[in-house]
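Here the structure comes first, spelled out in C-alpha cells, and everything after it is commentary.
Chain IDs A, B, C and D follow the sequence of writing; residue 1 opens each chain.
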Amino acid sequence: MSAEARHACGLCGVVNHPSAVEMVYLGLYAQQHRGQESAGICSSDGRTIQRRAGLGLVTDALSAADLDALKNPIATGHVRYSTTGSCSDANTQPLLVRCSIGQVAVAHNGNLVNAAAIRREYEHHGHIFTSTSDTEVVLHMLADEHYARQADPLAAVLRHLLGSYCLLLHYPDRIEAVRDASGNRPLCLGRLGEAWVVASETCALDIIDAEYVRDVEPGEIVTISAGGLRSRFFAEPGRVGRAHCVFEHIYFADPSSRIFGQNVHLVRLELGRVLARESPADADLVIAVPNCARCAALGYHEASGIPIGRGFTTNHYIGRSFIQPAQSIRDLTVKLKLNPIRGSVAGKRLVVVEDSVVRGTTTRGKMNSLRAAGAREIHLRVASPPIRHPCYYGIDFPSRAELAAHNRNVEEIRQYLGVDSLAYLSLEGLLTAVHAAGDFCHACFSGQYPIPIDAAFTKDVFERRQLTFLSEAE
Amino acid sequence: MSAEARHACGLCGVVNHPSAVEMVYLGLYAQQHRGQESAGICSSDGRTIQRRAGLGLVTDALSAADLDALKNPIATGHVRYSTTGSCSDANTQPLLVRCSIGQVAVAHNGNLVNAAAIRREYEHHGHIFTSTSDTEVVLHMLADEHYARQADPLAAVLRHLLGSYCLLLHYPDRIEAVRDASGNRPLCLGRLGEAWVVASETCALDIIDAEYVRDVEPGEIVTISAGGLRSRFFAEPGRVGRAHCVFEHIYFADPSSRIFGQNVHLVRLELGRVLARESPADADLVIAVPNCARCAALGYHEASGIPIGRGFTTNHYIGRSFIQPAQSIRDLTVKLKLNPIRGSVAGKRLVVVEDSVVRGTTTRGKMNSLRAAGAREIHLRVASPPIRHPCYYGIDFPSRAELAAHNRNVEEIRQYLGVDSLAYLSLEGLLTAVHAAGDFCHACFSGQYPIPIDAAFTKDVFERRQLTFLSEAE
Amino acid sequence: MSAEARHACGLCGVVNHPSAVEMVYLGLYAQQHRGQESAGICSSDGRTIQRRAGLGLVTDALSAADLDALKNPIATGHVRYSTTGSCSDANTQPLLVRCSIGQVAVAHNGNLVNAAAIRREYEHHGHIFTSTSDTEVVLHMLADEHYARQADPLAAVLRHLLGSYCLLLHYPDRIEAVRDASGNRPLCLGRLGEAWVVASETCALDIIDAEYVRDVEPGEIVTISAGGLRSRFFAEPGRVGRAHCVFEHIYFADPSSRIFGQNVHLVRLELGRVLARESPADADLVIAVPNCARCAALGYHEASGIPIGRGFTTNHYIGRSFIQPAQSIRDLTVKLKLNPIRGSVAGKRLVVVEDSVVRGTTTRGKMNSLRAAGAREIHLRVASPPIRHPCYYGIDFPSRAELAAHNRNVEEIRQYLGVDSLAYLSLEGLLTAVHAAGDFCHACFSGQYPIPIDAAFTKDVFERRQLTFLSEAE
Amino acid sequence: MSAEARHACGLCGVVNHPSAVEMVYLGLYAQQHRGQESAGICSSDGRTIQRRAGLGLVTDALSAADLDALKNPIATGHVRYSTTGSCSDANTQPLLVRCSIGQVAVAHNGNLVNAAAIRREYEHHGHIFTSTSDTEVVLHMLADEHYARQADPLAAVLRHLLGSYCLLLHYPDRIEAVRDASGNRPLCLGRLGEAWVVASETCALDIIDAEYVRDVEPGEIVTISAGGLRSRFFAEPGRVGRAHCVFEHIYFADPSSRIFGQNVHLVRLELGRVLARESPADADLVIAVPNCARCAALGYHEASGIPIGRGFTTNHYIGRSFIQPAQSIRDLTVKLKLNPIRGSVAGKRLVVVEDSVVRGTTTRGKMNSLRAAGAREIHLRVASPPIRHPCYYGIDFPSRAELAAHNRNVEEIRQYLGVDSLAYLSLEGLLTAVHAAGDFCHACFSGQYPIPIDAAFTKDVFERRQLTFLSEAE
C-alpha cells in the first residue's frame, strides 16, 4: 500500500527511570512506521514540564542536545503521521500549555469526531487556538472550570469526547494514559524494573527490553507516577461495544507487535491463508509486494502449496534529499525503491499478494514493472476487502473519488491495475482471521460506523474547515 | 555596552505591495540590531493569514522557500531580542491564532506590566496559554466577548493594557498599528508608491526606499489596508504624559534612524559634547569603544578639542559556530572581537568614550586590553548616567545586584573598571541633548517611573514566575 | 553478514545523452549497496572535464546544484565502500587530474596488488601523491612518457597492472571502460536509444530502463564516445584464466543483477538448495537473517520442504544522526534494526539461513535475540564456506585474527555463536551453484589465489603502510 | 574598496605547544580579512601530518571535531582569498602530499610568476597535477631528485622560484617558514612561552597573546622545531632589492598589525594627512567610506582641520544565506550594508575619504546614496593613486578594462563617479608615508615591476590557461 494512506500516530511514555527520555526516544524510533512527519518529547521532574519537538524522523527532529536538556524521570513522546507536502510546527505533539490547573501536555493517536463542534463553542466563548489539530480541544476542556469542578475532571472530559483516541496526558508528576471506550487504537503497558512504560505497540517495549504487562483497557484511565500504577474507568466496561481498528492488523502495526490480543504477523499469515482458500490461482510462484504483504504472502503460499519466491529488491537508501531527475527521464525512476528480479519472475505465472489497495496507482506501477520484467501472468490477491468508505477514526485515506474501488467493480479494478486476475479477501474472510470478530471496526470496507459521529461532522467538511482555518507554515 | 542588556524588539509591516513579504524581510534585516533571537513573518491575501518563523538571525530563521510560500500583499514581521542561552520556538512572533473573531496575528515591542495579572484571570476562566510571552494576553483579550461587544473592541482592549507597547495587529485584510499612550517605544509610518510601511525605526524605511511620512502618535491606532490609512485614538491625546525611552537614543536605535522627532546620530553627538563640557580630561586622544559610542566620541572630540583617533579594530567574522578554545588558552581570546591598535594607543593619555555601562565586565576587559597595548592613562567618559534601576518597559537589564553601579559610588566603579578617571554624564546633561526633555522616560537612571505599574508587578517576581511557568525548550 | 566486510565499489558511465549526469546519479543510487562512504561524478562536454564529489550516500554527497553544474553529455561516477570510522575527501573518486596528456579522470573497482611497488618507484622519481588510494598510480602511469610513447599507451599501462580492476577512464571526449584479464569484478554494457551505459551491475541499467547488451570482457578495453562503441583487447583472451569473485554472488551484488552470466538471485536460491541437501535439519521453520540471506533461505526451504517464515522485522529508519543512548541502556539497543517476531519464532525449532559469517559478532547477537524471543532450537546454516583467508582483490575483510573461523573448527564456531547446530556450505557445493566453476576465485575460502600477487605485497604490510602513509582527515 | 579585489591569503603556524591547533585556528580567525574562500589546518606529532580543510570562513570550514582530530604540537594553517562565485575543494590549502621525501604540506601567500612554465615542464615529464593553484609546483620541485640531491634542497628550489611568496612548509617534525628575496608579502615571528608562532600579520600574534619577536627576513628560511629556531638565507641579503607590497598598507592588512616595520594604522593616518595637504577641499565634514578608509579619514581631518563625522551606519548581520529579493525591488537593496546617516550628511559639503578605487562601481553607489541622503557637495579624496596596472604578485585585480582608471583621466573618473571634485593621492605622496620608500612595490600604480616576470608570463595568459585547465567544482 506504501504511502497512499496517512499513518496513525505513535505514543510512548516512561515513568520512574533515570533514562526515561532516552527510552522514549527509542520507543518512538521503534514506532517510526506510525508517523514520519514530526516527533516530540516532553519530560518532567515532578514539578516542571519541558518540551522539544521538530519536523521529520525522530533522528532528525530531536538532537543529542535536546535529549540532554530533557533529562528527567518522566517522559512522553509522539510521532505524527506523514502528510503529502504540508507539515507545520504548530501541530507537532505533545502539545504543552499552562492553564488554571498548571502545566499539562497531551499526545494523541486517533480522531475526535466532535472536536470541531467543541472548538467552535470554545471560540465562541473567547478561547484562542494555536494549532489546527483536534487534540487542542482536550486541553481547553481540561482547563474549563465546568469540568475542573467535577469529582473526576479528566473522566468528565473524556465522557464528552466522541471518536477514536488514545491519549497520554502528561502532568508534572504523572502520566494519565487513556484509551477510548471502544478501544479503537492500541495502547499497551510494560514494565522494566521499577519503571513503567506505555506505548501504542509492543515493539516499543521490545526495543528497550521492557516486559509486556497488559493493554490499557477500553474506557480505562491508567495513572502512572513514582508511586506506581493506578487504574480507573471513565466508561463502564462493556457498555459501549469494542471497535478495534482492523486496519492496524492489515497494514499499520509492526509484524512483531501484539495488538488487540494477537500477534500482527500471525494475523497476517492467516489473512493470506484465508485468501488462498477463497481465491486460489493457477500459478508458479507467490511473491509479495514488499514489504507490508510479506506475511500474507507466506500464508497464501502455505495454504495454496504454490512455491514462494522473491519478486523485487528494495533500495533502502532513498532519502529526503533525493534529487528528482528532469521530467524527460522522470518516468525512468519508477524503480527507485523496487526493482523486479528478472531472473525470478521472467516467464512465470505469478500470484502477487498485496496487503491492501487504496488509490491503486502505486500497485499499478508495480504490476507494470513485473510485466516489463517478463512475468507471464499476474494474479493479484489483496489480503483485505476493497476500501470504499472514509475512516472517521484516524486513518487519513484520500477522498472517496480517489479510491481505486470507488465506482468500480472488481473487474473494472482488474482492468485498471492491468492484471490477469484480481481477487480481494472477503469481509467475512477478514474477520475469521481475528479473534472476537465482533470487536472490530471495519467501516472503511463495510460502511458500518460503530462509533457515533457528530451529526455536523463529515470528513470533507472537517477537512475543508482545516484548510481555511489556520494555514500556518503550509 | 555590547550584549549586556537584552535588546528591544523590532517591528515591520507593509500593506498593498506585491513584494510586501520581501520588503518586510528587508525591513527586519535593517532592524536586526533590535533583536537576534528569532524572526518571523505573517502575510495575508485579504482572507487567510500564513506564518513562518524561526530562531536566530533573519537570514537564518527565514528561507527563500518561506518567502515564496508567504507571497502576499499584506505582511508583518518581528525580530526578537537575544537572551543569554535560552530561546524558544513558542515565543517566536508574530503570534498567530484563530478565535471567535477569526484569524489574528500580533507582533509586540515593549512590556505589558499588567500582563501577569490579566493572564492569571484568564487562566482562572479556563483559558490556556502556549507561550511565556506577555504578548499572548492581547490575543485572549481580543477574543474575549467582553471586549468584542464594545463599539471599538481594540480600543477597549488597549485602554486596559498597562505598560509599554507598540503593536502590529495583523487581520486577514489589514494591519492595525498601535502605540501606547506614553509613546514609550518608536513606531513610524512610511510610503512607497501605493504601499504603506510601518516600522519601529526609519532605517527600515530607508532600506526599501520608502519615504518617511510621520510617527504613529502616542495613543493612536492606525489602520492600514488596501483602502489606505485611517486613524483613531484610543487614548485622548495629551491626557497621559509622554515617556519616550531615552535609552533608545543612547544605545538601541540605529544612528541613521530618526526617532521621537530627532536623528539618533545627532543626539549622540550632542551627548558627547555635553559630556566633554561636564567632564573634561587632560588627554592626548579621544577614542570610542566601538561601535556604539562612536557618535558620542565624535561629540566629545568636537567639544574638547582633543584629537580623535581609532583605538580598536573589529573582527566582524565571529559567528555562531565559533569553537571555544580549551580552558587553558581561553583567556587569550578576550580580543576575539576587539583588537587594540597598539600603534595608536601606546604611550597615550586616552579619553575612552562608552555609551553606557551595565554590568561593567565587558568594559573592564576592554580597559585591560588598552592598558596591555600600552595606554599611559585611561579617562573613561560614559555618555549616560549610571544605571541603578530596573526597566519595567521592555529593556531587560540584568538583576539589580549585577549592575556595575549597584551599591558602588563613582570612585568605587572607577576602581572596579581599573581606569585613571571616570565620569558619567549627568541626568540633566542627558536631558539637554533631547528636545522636550519632559517627554522622556529615564527611570533606569532616576528611578522615576512615568508609566503606572500594576501593584502586584515587580520585575523580579515576574521573572521568577516566568522561569517556573513554562520552561519549554530551555 | 551486515557491515562486517567493506563493500566493493560501484561504477557507472553514460555517453551521448543530454541527461547523462542525472542517469549516472540514478545508476550510482541503484548501486548504493556497493559503497556508502562517498560518491562522485565527473562530466565533460568533449573538451573539459568537471568534477563534484562528497562524503556519504549519493543523495547526501551530491546536490541538485552539483548536477546542474555538471550538465554534460558524457559522465562517469563512483560510489566507494564504507569503512569503519574513517573517510577522507582525498580518496573520493573519480580522481581528476591534468597532466601531459591533458585532463583525465579515473574511477576504480578492485585492488591493484602492485600499486605500492609502482608508487614507490614513482615517488623515487619525484612524483607526488595526494591520495592514499591505489588508484592514483594509474594516473601517474598514464602521464608517464614511457607508456605515452607506446602504440597503445593505455593497453601498455594495463599490461603492467597486477590485481583486480574495473576502471572507467574518463577523457574529455570519451570513456575507456576496462576490465582486468581475469574478470574479477563485474562490468556490463547497456544501451538506451543513442546513449551507451557502462556499470558494475545490471541493476544500474534497470533503473534507467537501459537495455543490457553484454559484459565488458576480461582483458577488454571498450571505448565509448559520441561515435559509438569500439573494442580492443590489452590481454589476449583466454591467456589468463578467469577469476570471477564468487563473493559477488554470495553477498555483494544486488539479487536483481545479472553478473558473470547469471542472475544473482537464482544463484543464491541454488546455494540454499545445495545447503539443504548437504546439511539438512530437523526443524519447524526456515527463516533468513535479513536481508541478504533471503534468497538462500527460499532455496533451503524449497529443497528441504520445511516451511519458510519470517523471523524479524526490519527498521529502515535508522540514520546517521541516531543518538547513541547512555551506556546504562546501550545494551537494550541490539534490536534497533532487527526485532524478532515473537509470535513467529516462539517455541519453534528454527533453521536460520545466513549468507556468510565474517567476524560472527553480529550473527551471535541475532541468535541471542531469537533465543530471547522464545526459539526452541536454532540450526544455523551458512550459504558459503568458512572465511579463513584474506582477499587481495578488493574485499576488505577484517584482519585474519578477527575472523570467526580463525583458529576455530566448526564445533568451536557453533559454541561461539551459541546455536544448537551449525553447518557451512562446502566449497564444492558452492561451486555447483555457479556455471563454469573453474572461472571463479574463491581464495577467501580456499586460500588459492588465482591472480598473481606482487612478491612484496601482503595485505598486512600494505595496510600498515597505508596507515602511516598519509593519514589525511582521519 | 570592498570586495572588488581578491584578498591576499593569510598564514599561521605554531610549534611546540599542546594547543598549537587551537592557536592556529585563532590566528587564522584573526586574519580572516585576508581570505574568506576556504580555510585549512595541518598538524603533526613529529611523525605524521594530518589535514582538515573546508570552504568558507574559518568557523564554517573547521569543526570542533576537526580540531580534536588534529590535536598535535605542530600546526600550520591557511585562509584563502574570496573569489566571485567559484571556489574549489581542490585548491584548499595547506596542500598535503607524500613523495620521495615523505609527507610535506605547503601553505602559500603570493604568486609564483614562473609557476606555469615549471608546471608545463613537469607535466611534460609525466607528473600529474590535482589543483589549479601555482602552489602545487613547489611540492613537485621538492620531490624532484634534481633538487633533492643538492646540499640544501629547499634553498635550491626557492632560488628557482620567481615571484612573490611567503611559504610555510610543514614537515612531520618542523615548519620551514620562507619569505621571498624581495619581501613582497609580510611574515612575522612571535613567541609564547616555549612555543613559536609564525604569521602573515601581527594581529594573529595579538589574539593569542604571543609576543612579536621579528619579521622573517627577505630571502630567509626559518626552521621552527621542538629544538627552537634556526635561520639560513637562500638568497644573499641585499642582493635583490626589496619590494614590499604597498597595497598591504593601503588596504589588505589589519590596522592593528605591524608590517614591513610600521603599524598599518599609523601609515594610513599619514596617507590621509598627505592627501589633505596635496588636495585640500572647501568642506564642512570629513567622512570615511567605512570601514577601510577610517584611518585615512582621521588623517585628512587632522591635517585639514575640517571636522570629522560619521556618514554611514554598517549592518554587520549580512550573511551567506541572505535571500536576494526579486528583481523588481533589487535596486532598493544598495543600502544593505551601508545606510547613510541623513542627519549627519544632509546639507553638508562632504570630504569623503576612500582608501582606493578599483572598478568604481561600489564607490559610485555609495556616492549616489550620500547624494540621496541630502549631501550638498561631495569631494572624493582617495588615499592612493589611480590603479592602472595588473598585479603579478598576488593581488587579483579585475582585468585592465574593468578598472575605473583605465582609459580615463581624473576628470573622466570624477564624472563617472558623480562627485563634485575628485583627487587621488600622488605616488610621491604615498611613498612619503612609508619608511624606506625605495623598498616598496607600487607596480599597480606605476607599472614598474620590481620582481622579474617570466617572459612567457602575463596575467591574462595565465588566467585563460587556468580556466581551461581543470575546472573542477566550478
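Just so it is clear, a contact is a pair of C-beta atoms (placed from the backbone, for glycine too) under 8 Å apart; a residue touches a chain by one contact, two chains touch by 3 or more.
The structure displayed is predicted, hence computed values, not measured ones.
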item: Third chains touching both chain D and chain C; value: none
item: Most remote chain, CA-based centroid, reference being chain C; value: B
item: Shared interface numbering between chain B and chain A [over half = same, under half = different]; value: same
item: Whole-Å gap separating chain B and chain D, where each centre is the average of the chain's CA atoms; value: 38
item: CA centroid of chain A to CA centroid of chain B, Å; value: 47
item: Between chain B and chain C, centroid-to-centroid distance (C-alpha), Å; value: 60
item: Junction residues of chain D, two or more chains touched; value: none
item: Full enumeration of touching chain pairs; value: A-B, A-C, B-D, C-D
item: Parts of chain B lying in touch with chain D, wherever the complex brings them together; value: 18-19, 22-23, 25-26, 29-30, 32-33, 36, 57-60, 62-64, 67, 203, 206-209, 254-256, 258, 262-266, 291, 294-295, 298, 301-302, 307-310, 312-323, 325-326, 328-329, 332-333, 335-336, 339-344
item: Contact footprint of chain A on chain B as seen in their complex; value: 47-52, 69, 89, 95-100, 103, 123-130, 139-140, 143-146, 148, 468-474
